[in-house]
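In structure tokens below, several structures.
In the two complexes below, chain A is the common chain; its partner is chain B in one and chain C in the other.
And now, the complex of A and B:
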């Protein structure tokens, strides 16, 4: 109907401008051409929605980072067994990202809240026990590590504070240190300490930095939560869960099976097995993250 | 005369939209077309995934230097394309995505497609940077790792996406049984 009105208006105008006919016709034609355009567009949906990782609002972070001097160590797993892994110097958060730190991120980046997150980026257990988008549950310590976080979410957080996730090689390198030395991997008691730490339950409920820091001044590498790494999906284990069938061995190109280079690396094997079982949208209640940064 | 013409035009205008269907409500919250990464195709053209919106996608991640599983994956892609039967190439994109973007230049990607007789607008070979490649692999649940200067180990997964970018079907492993994948693509074509 509005089109008709518009036409009538144009006709009135014509009384004042007798030579307008061609113009009117052109106008009408143009209008005809454009009138359907929008609707047509709506049918084939083209607008990518806002929740892209790349449109993050940057937030300040007061998290302390420790400098890790580069170096090398003997790799743990599969084709890496016996490989010398070299790591450049980098910075790493001195503790896992906490619930309250993550809340600050959500406030500035609501597209990552529980109700708005892109379903591509997290499964249904994302921030599982949060009561609302900006509400930390009452029984959760704001200073405990944030968990039920997907890889995508962890990566988005890291970007928003101008950092990144550590690589597996970097994480494992920092994880070699006990309280006194950079590389405690040959100490049986250190391996025992790690293995014991894996047996404690619900450690994700504890506040960060309650235990002693390691050689670098980094807290909670063990005994708190599993942590995401940027390249966790480079770990391949035959018999991984996505297809428990006879075709399993054909899943992977080179059939890179896990072969621990050394039994004493059993603790590392557990971590690699855990990484190998993850998918990027998985959220688990004892899986959190910390950030790293290039120097 | 002109008045009549005007009137006709006006009526035509009003009618023209009448039969247009109401925009279909599509939930885009899990569409890969939302990924913001930038890619480069075999012709060196920069491309965003959103530009593939409206096409049914069949995707495999490979690298051109691969001598073991990738030729088989590539062959599966060929068989899938053949099994779809008659289709409008404008509706479908069969996409190879490089997990070795440093080596796989547009020239190499183009040569690879040519070598396999993958010709026509429906064949795409894409590469991006390492970071976007890993993100994309994670969306497809593909795992990969560089195991030597030339070689990667990687999951052998073929994924079908609807024209809205929703994951419709995944085939894991080199089972050679591509029938289900082809059926899914046919189903998606029928729907669109």
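And now, the complex of A and C:
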């Protein structure tokens, strides 16, 4: 009897919503998104209460940006869920922010200079080879990428020029391109090229744009510096790399095991491991950034 | 009928469980033991920083010293070095050597492991010590970006010879590039005294160019996945135990080799041509085997090999998977100097044939 009632109920519902399936899917999706959002919040950096971000002075930037047409791709992380990453169209700096560009920012925003920066925002290696607050060290090419920059500092710079940091998904999307094609991820020689470029030492001393640009006209995605992303810590590579592929504690709310779409993509492994090893106040010799912008 | 069947099944189950339990208690007739004794050993309140020496040498034995707090400083360094004569490789190392510095402690020691990642490193690193009882052997606790430091403390519970290695993704690449070493936890009272001790680790390397190709060689991921190395070497170089680097001992001396296998892929069939290992601490553990010709050392494993140098001469250490020795570099030499010992070995006069 009660079964019949239930059936009737469902039938009634079906009358109201003749197409139930999409509704269910949407609900599930919404739920997933919401829980995702929470998860991201949990892992996001805790910002010191007293923020100097608001005191930022805007500065003009002549940095050329390239338009990246939106699209989707198979994410490196999240094999079991078949995680398709979708990226909206956006703009990205055609090269990493340089020492001289960063100096312009410091001149207008002295609260971010080496001697004035709030120590919660950067560790002791911030701009570590700078002697003064407004002098580029003699042996440093002004046109080389600025490094020993914390995530907070990179973000402040981006805001000061009316931009933001790219997300991991955006950065990786642009990073799929070689010189000729949008997505060169299936070419073994491309992965090999990246892997080898990572081995070169002190590439951060080189001037930007010395190598050829990629398909989009974007320079130095590889072989120069690691780059900050806005959500660098959303991918939890814990250092226990064997574990990262066995549990679901580490990444995303897909509940799926953290496996990768391409086990041979050691270049991507290295990037994600590098991001996982960082904290927002860390500054590293070979870690710089470039900015992005919504369209 | 049905209930009879149920009872039968139930009794069978109970019987199996009981049998299993008994089996556990006396596995092959031995009482199983758990090495939690180390946990109760009190440190003597003193602190020492372990003095590191480069392979093939090892720090001083712990002897009969009491357990203490031992500070171990390791630094991950990426540097180009020689893999073979004229062949260079971008090594990733602990303390600048392959294998990394030998860590020597005793059971009950409280070991503070400080890991610094050199500021000129391109990559993050960490350490997993097989001598640790704890998550990842310390891997997560020591995950460090270039220029940063991390630290954790562990109590040495189990005596034995253990491998340590980097466990950062992609872990195979970190190991293939040379990030491994050995840590010895000596038992209470120390290992028995010997005259000479050496530290050797085997490793397989995967290069773009074939064996012997000159110049800087890149890591070849395809060969690594195929487990098809171009080089199989002792202590990170085809010549690290040859020529002026050969190990020297005197006749009559007892020799102990701390032998580990970093891998990443191959198992070593370690053999000393012309000698027999009098004692082998099997798999680096507590049980000792005697009179061993060839010992099998798995990737990520180690053993203590002991022999007495009876007769002078050149003794060649090889991986007895013999093509590795002659075509990939798994060759080292121990030179024994001293008086002839004809009672053990002598060459006979040529036999004269009647004309």
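As a working rule, the second predicted complex is superposed on the first by the 219 of 295 C-alpha atoms of A that agree within 3 Å, B and C clash if a C-alpha of one lies under 4 Å from a C-alpha of the other, contacts with A are read in each partner's own complex, and residues count from 1 in each chain.
Throughout what follows, contacts are C-beta pairs under 8 Å (C-beta built on N, C-alpha and C of every residue); 3 or more make two chains touch, one makes a residue touch a chain.
Computed from a prediction, not measured in an experiment: that's the story for all the values here.
With both structures placed on the common chain, the touch criterion links A:199 to chain C but leaves chain B unconnected. Considering which of chain B and chain C touches more of chain A, the answer is B. By the touch criterion stated above, A:234 is placed in contact with chain B alone, chain C being left untouched.
In the superposition on chain A, A:186 contacts neither chain B nor chain C.
Within the superposed three-chain model, A:280 lies in touch with chain B and out of touch with chain C [touch as defined at top]. In the superposed model, A:125 lies in contact with chain C only, and not with chain B.
When both complexes are overlaid on chain A, the residue A:89 reaches neither chain B nor chain C.
Residues 242-243, 276 of chain A contact both chain B in one complex and chain C in the other.
Chain A contributes residues 3-4, 7, 21, 24-25, 28-29, 31-32, 35-36, 39-40, 42-46, 48-49, 51-55, 79, 118-120, 151-152, 155, 230-231, 233-236, 242-243, 247-248, 250-256, 276, 279-281 to its touches with chain B in the complex. On the chain B side of its complex with chain A, the touching residues are 2, 5-6, 9-10, 12-14, 16-17, 20-21, 23-24, 26, 28-36, 50, 53-54, 66, 68-70, 134-135, 137-139, 141-148, 151-156, 164, 172-175. On chain C, the positions that touch chain A within their shared complex are 78, 90, 119-120, 122-124, 126, 135-136, 139-148, 167-171, 173, 218-219, 221-222, 225.
Interface of chain A with chain C (complex): residues 125, 188, 192, 195-196, 198-202, 237-244, 264, 266, 269-270, 272-274, 276-278, 282, 284-287.
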